[in-house]
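You will see two complexes here that share subunit A, one where it goes with subunit B and one where it goes with subunit C.
Coming up: the complex of A and B.
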């Protein structure tokens, strides 16, 4: 665990860069993490990010399949929004822990 | 020079030659996992593995209840081989396994393949096996990318960060 300054805010991050406390998250932090991954966030991205955060707060374990069935975005759309890391990159940007599902 | 520099995998080419539920799912989980990691993924089905991309069979794959020493009864007791040979037992056990997998959010075979292709993974059938089982492209799942010879498959496997995995 380390302390890192993202978008002017000091946050605790894990070794591979996921926020340790999802309540430290804000939209500017999301934008800065995203730009580090080469992604420019749009409203479509934020819809997915907010969904991921809600589900995580409810204690759900996220999989690409469940997100694809959320009604927010389908699997193809998710790959388009977060290329090469539909679940990992979106989780990192959403400030939630690294996904634990294999699917 | 730092010899410990990480060189992430760029491409995986997988071969699934068996049609048992667990063999096919091993290939599907690994292929989908690779696509989700941003790795270029090619999945080649041959011999009995073709059942996984044949419309008629893909969503009713079986697991072997005889000749499978790891098979257990619900609760963990050993599964008697004699019982596994009775008519209907293999179908019942297989359907139970599919149900348990569904509970773990593992999709049926066709939906799993859709996850893989949605992320850009490619699915192929082996030409020799397709000919041997007297199948045609119409018998296969609609999104099978191509029916390939093994030579054409190897052509896809170029690159020095490519791995071939045989399940």
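Coming up: the complex of A and C.
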């Protein structure tokens, strides 16, 4: 665990750069993490980010399939918004823990 | 009489029936088990059918052979559980009451979840080996296969026996080498994961075996659809892989019964406390085996280890005592690597598979994350152990909790 300054705020992040405490998140932090991944956030992105945060608060485990069935965005759309890392990048930007595909 | 009801008579349900039947007072408890089918399948054996190592006869037995003589058995599809009323509805409307319930309905394949899977080429050039029908159809197809692209695809997690697709490509390598056409068969391993396994140390070792055997690994490939005309699979980020034979692990989901009961996550796996194995919603319902949503492998070995915990906890609950046994997610999987060798991994919720020896430190006889002949015998023995010890609910000389003894941190 390390402390990092993102968008002027000190936050705790994991070894691979995920926020440790989702309550330290704000939209500016999201924008800065996103630009580091080459993504410029739009309203469409924020709809997904907010959905991911809500679900995480409820304790749900997230998968690409479940987000694709959420009605917010389909799987193709999710790939368009977060190329190369539909769930990993979106989770990182949403300030939630790294998704575990558990096997 | 108090009533214990077990839903599902596969690996886990049958095992729990035998354990509890021997323990509970006959005058006090009536035990009933329900399943839709009369045949028990040794699912780990499906892997060997395409290569002609096992036949159908080697993997099926009547379920009745494994039930204790006095248990009530009902063969019927289960419609739903109404937890608030302690009732289970069977298809056709029959109602069963219970004081305690164990859910062991496993996971099933859902080829319909993938566009183009159950289409023109299904069981002609596209197969699964997660059902006996699929495995037998693939065996026929392999007989006259003269070469081309053989693709193994993992489209979704979780799925049962996470190492089975790895074993499949290793065995295919050996099989086509034996037929003298290995140089004409391109074996490709396509997975939505970032490597061949989820945990780093095992991924490195198993990835190394892939390279040694000249099997191409295509990772981060999230399957969108299958083009039957042009024999290609496509990912959502618009990459494509062509195939002559496609073998796939169809999307795995829990029983629809779980969804109808309002007890599942979005893949119909029952929401379960990963330590106590109790349902998150109802105190008198416990869950075991592939049906549960806890974050460890869906495997028979896991059901076996979890069984010891469930046994203790359900007895505590029946006597109104606190649940003290805690499941650590222990999994232990033999991995066939072909040519009479095998590897072995042993892990739990917190500790990834590590190298070393098992079960005795420094001695073995099995080598963890090593490719040895002895590990292959472990897998061969597993079928005997499965029919004679595991299903009967007898003890194995391995602790339910994972042990660090003999393991090396790397």
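Note that in this section the second predicted complex is superposed on the first by the 101 of 103 C-alpha atoms of A that agree within 3 Å, B and C clash if a C-alpha of one lies under 4 Å from a C-alpha of the other, contacts with A are read in each partner's own complex, and residues count from 1 in each chain.
Following the convention adopted for this analysis, a contact is a pair of C-beta atoms (placed from the backbone, for glycine too) under 8 Å apart; a residue touches a chain by one contact, two chains touch by 3 or more.
In this text, all values refer to a predicted model and were calculated from it rather than measured experimentally.
A.B. asks: A:4 contacts which: subunit B (first), subunit C (second), both, neither?
C.D. replies: neither
A.B. asks: Applying the touch criterion given at the start, work out whether A:98 contacts subunit B, subunit C, both or neither, answering first, second, both or neither.
C.D. replies: A:98 sits against neither subunit B nor subunit C.
A.B. asks: So, does A:57 touch the first partner subunit B, the second partner subunit C, both, or neither?
C.D. replies: The answer is neither, since A:57 touches no partner chain.
A.B. asks: Overlap of the subunit B and subunit C footprints on subunit A, residue-wise?
C.D. replies: On subunit A, the overlap between the subunit B and subunit C contacts is residues 63-66, 75-76, 79, 83-84, 86, 101-103.
A.B. asks: Under the definition above, what is the set of subunit B residues touching subunit A in their complex?
C.D. replies: Of all residues in subunit B, those touching subunit A are 29, 32-33, 36-38, 105-107, 111, 114-115, 118-120.
A.B. asks: Where on subunit A does subunit B make contact in their complex?
C.D. replies: These residues of subunit A touch subunit B: 63-66, 68, 74-76, 79, 83-88, 101-103.
A.B. asks: Which subunit A residues qualify as touching subunit C in the complex?
C.D. replies: 60-61, 63-66, 69, 75-76, 78-79, 83-84, 86, 100-103
A.B. asks: Please give the residue numbers of subunit C that touch subunit A in the complex, ascending.
C.D. replies: 156-159, 162, 192-193, 197-198, 220, 222, 224, 236-237, 251, 265-267, 293, 295-298
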